[in-house]
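The same chain A turns up in both complexes below, where it pairs with chain B and then with chain C.
Moving on to the complex of A and B:
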C-alpha cells in the first residue's frame, strides 16, 4: 500500500469548486450573496456546509428557517451519497463551478432522508464501513477494532485528516499474504437513467459473476474503493 | 433454491394480513428500472445466478426487549426498501410512528433506509434467505 500513497492522497484531497445560491423563492430580509466553497469529494454535504448554512440563515427570518437541503437543476441532492458521487452523476459534464441551490423550506420527503445532526452522518458512514468489511473480512477486522479506532476513522473524515484516517483504514485494506486479495470487493455502481432522477444502485460482488480481483481494476480506479468502500462514483468503463 | 414450505407468508400489499390487520398498499420507494441496453458492466449481461424471482425470503429476529413478531418469515419484493420494511414492522408490532426501529444485517451494520432488500439479499443472504435483526434501540451502533 505504501507505494500507492500518492494515489490515495489524490483521491482523498479531490475537491469540487461549488457555488451555493439561495433558492429564489425563499423570503429574505436582506441580500443573500452566493457562497463559494471547495467541497471534498470524499465527504458528505451535511458535514461540510455549516458555513453555507450560517451564511444564508443571516439573510432569512428565524421563522422561515427549517432543515437545509440542496438541489442541482431540480434534483434534490441526497446527503448520504458522497459529494464526489453526486457531482459525477449529475454535473460532471457541466462547466465549473458546480451550481447548487440551497433551500430551507418544503423539504422533499419522498426524495431525501432527513439529517437531524452530524451523528446521523457518522452513523451512516460507519454503517457503510461495516457493510464493506462484512464483504472483505466477514466483519472480523472492523469488529475487532476498539471504539476509539472507529471514532478515529470518523474524526479523520470529518476533520479532513488523511493520516489519521488511514492509520486505521489501512487495517481494513489488508488481507493475509497467502490470499491474493479480498474474498469480495465491495463497490456500488450508480447509473443515471435517461432524463429522470432515478438512481440504480447495485452492490455487486464477485460471486454474482463479475470476476474481479483488486489487481484487475485499472490502476487509478483500484484505489477508489480503497478509502471508504463501498465506493461511490466509479465510472465503469464499457 | 428450494421453496420454503409452511410459514412463508406474503408481505401483504393490498390484501389483509394473516392477523386480520389491513395494510395499505406499500408502493416501492424506488422503481426498479430496466437495465440499459448498452450494458455498462463487463463481462456482458450476465444474469445473477439462481432464480430471479421477484420476492426474496426474509427472516426477522427481535433484539433485546423488542417485541417478537408472531410471524417471522416473510416473502418480500426485491424492490422493497429498508424504510418500507421498518414501517411494516412498526405497524405489525403496533408501535407508534414516533418510536424508532433499527434494522441490522449480519448483526453488524444498519443499511441505509433507501437500500433495497433484494440487493442486501444478493450480498448477505444465506441458505435462501436474508436474516435481519430489528431493535427499538441502536443495538450495534
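Moving on to the complex of A and C:
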C-alpha cells in the first residue's frame, strides 16, 4: 500500500470547482449572489456546504427556509453519493465550474434522503464502511475496532485529514500474508440511465461486492467508466 | 458466492414458503421482481392507527395482485367500536414493508416506508418515536446504528431500514436449537418475527404452526 500513497493522496485531495446558485423561484429579501466553492470529490454535499447554506439563508426570510437540497439540470442530487460520483455521472462532459442549484423549499421526498444533521452523514458513511468490511473481512476488522477508531475515520473525512483517516483505514485495507487478497472486493458500479448498457461477463453483475476474477473480463472491459470509491481505497485490479 | 450460510436461493425459497402461508390466511404478502434481473423482494402494505399511545392495527387491505384470492381478502377486518374510540386524536398511517436480501451480509433486510393518508411521509424522528416501548431502550443506545433512511437497493427510493449487521449473530443463536433436534425452521418466519415488531409489523402465530406442519 505504501507505494500507492501518491495515488491515494491524489484521489483524496481531488476537487471540483463548483458554482452554487439559488433557485430562481425562491422568494428573496435581498440579492443572492452565486457562491463558489471547491468541493472534495471524496466527501458528501451536506457535509461540506455549511457556508453555502449560510450565504443563501441571508437572502431569504426565516419562514421560507426549510431543508436545503441541491439540483443539477433538474436532477435532485443524492447527497449520500460521494461528490465525485455525482459529478462524474451527471456533469463530467460539461464545462467547469459545475453549476449546482440550491433549493430551500419543496423537498423531493420521493427522490432524496433527508439529512437532518451531520449524524445522518456519519451514519451513512459508517454503514458503507461496515458493509465493505463485511465483504473484505467478514466484518472482523471493523468490529474489532474501538468506537474511537470509528470516530477517527469519520473525523478524518469530515475534517479533510488524510493521515488521520488512513491511520485507521489502512487496517481495513490489509489482509493476512498467507491469503492473496480480500475475501471479496467491494465496489459499486453506477450507470446513468439511458446510456448504452455495458456488457457484463458471467461472474459480474451490478451489485456490491461480487466475486471478480480478472481473467473473466475481456481486455476491452478492464477499464470501466465506473466510480470505485477512493474512500474505500479500492484499486481497479488491472 | 461460496460458503453461504444463508444464500440468495435459500432466501427466495423461504420467502416463497412464507408467501404460501400468507396467501392461505390473507395476510397480504407478495413477491415482486425487479425489471431485467432475477432480484426480487417480498412486500406488504398495512394500515395502522396511531392515537398517541400504542398503535392499533386495521389489518391488511385486500390485495389486488394476489393470485389466490381467499375469503379473508375482503374488507378491512375492523372492529367498528375500536375505531370510534381512537378516532378522536388519531391518524391512519400507511406502512409498506419490504424484505430484501443483502449479498454483503448474506441475510435478509427489512426496509419500510410510512406516510399519512394525505401522502405526507413520516420523518426519521417520527419513526424513532413510534418504536414500541420494549425496544426503545435498545434503540436509544444507538438510534443511528439501528434505524435510518437509506436508498432502496432495487427501487432507488428513500426507505427506512433496520440495520442488518447484527442479524447473523442472533439468527445463529435462534437456529441452533431447532437444528439440534432436527426441526424444520423457516428462516424468514423466524427472522421476521424478531425484526418486524420493532417497527410495528406483527406476524400471526399461524406462521409458526405452518412451518412445523411441513415436517
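What we mean here is this: the second predicted complex is superposed on the first by the 194 of 238 C-alpha atoms of A that agree within 3 Å, B and C clash if a C-alpha of one lies under 4 Å from a C-alpha of the other, contacts with A are read in each partner's own complex, and residues count from 1 in each chain.
One rule holds in what follows: a contact is a pair of C-beta atoms (placed from the backbone, for glycine too) under 8 Å apart; a residue touches a chain by one contact, two chains touch by 3 or more.
Since we're looking at a predicted model, the values are computed, not measured.
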First, second, both or neither for A:139, with chain B first and chain C second: both
Touching partner for A:191 - first (chain B), second (chain C), both, neither: first
Partner chain in contact with A:130 - chain B first, chain C second, else both or neither: both
Chain A residues touched by each partner, larger count belonging to chain B or chain C: B
Chain B versus chain C as contact partner of A:116, first or second or both or neither: second
First, second, both or neither for A:95, with chain B first and chain C second: neither
Common ground on chain A, meaning residues reached by chain C in one complex and by chain B in the other: 78, 80, 110, 113, 123-124, 127, 130-131, 134-135, 139, 184, 205, 207-211
List of chain A residues in touch with chain B within their complex: 78, 80, 110, 113, 123-124, 126-128, 130-131, 134-135, 139, 142-143, 150, 184, 189, 191, 193, 198-205, 207-211, 236-238
Residues on chain A engaged by chain C in the complex (per definition of touch): 78, 80, 109-114, 116, 119-120, 122-124, 127, 130-132, 134-135, 139, 184, 186, 205, 207-211
Chain B to chain A touching residues, read off their complex: 29-33, 36, 38-43, 46-49, 105-106, 108-115, 119-120, 122-124, 138, 141
Chain A partner contacts - residues on chain C that touch it in the complex: 1, 37, 103-105, 121, 123-125, 144-145, 148-151, 157-158, 163, 165
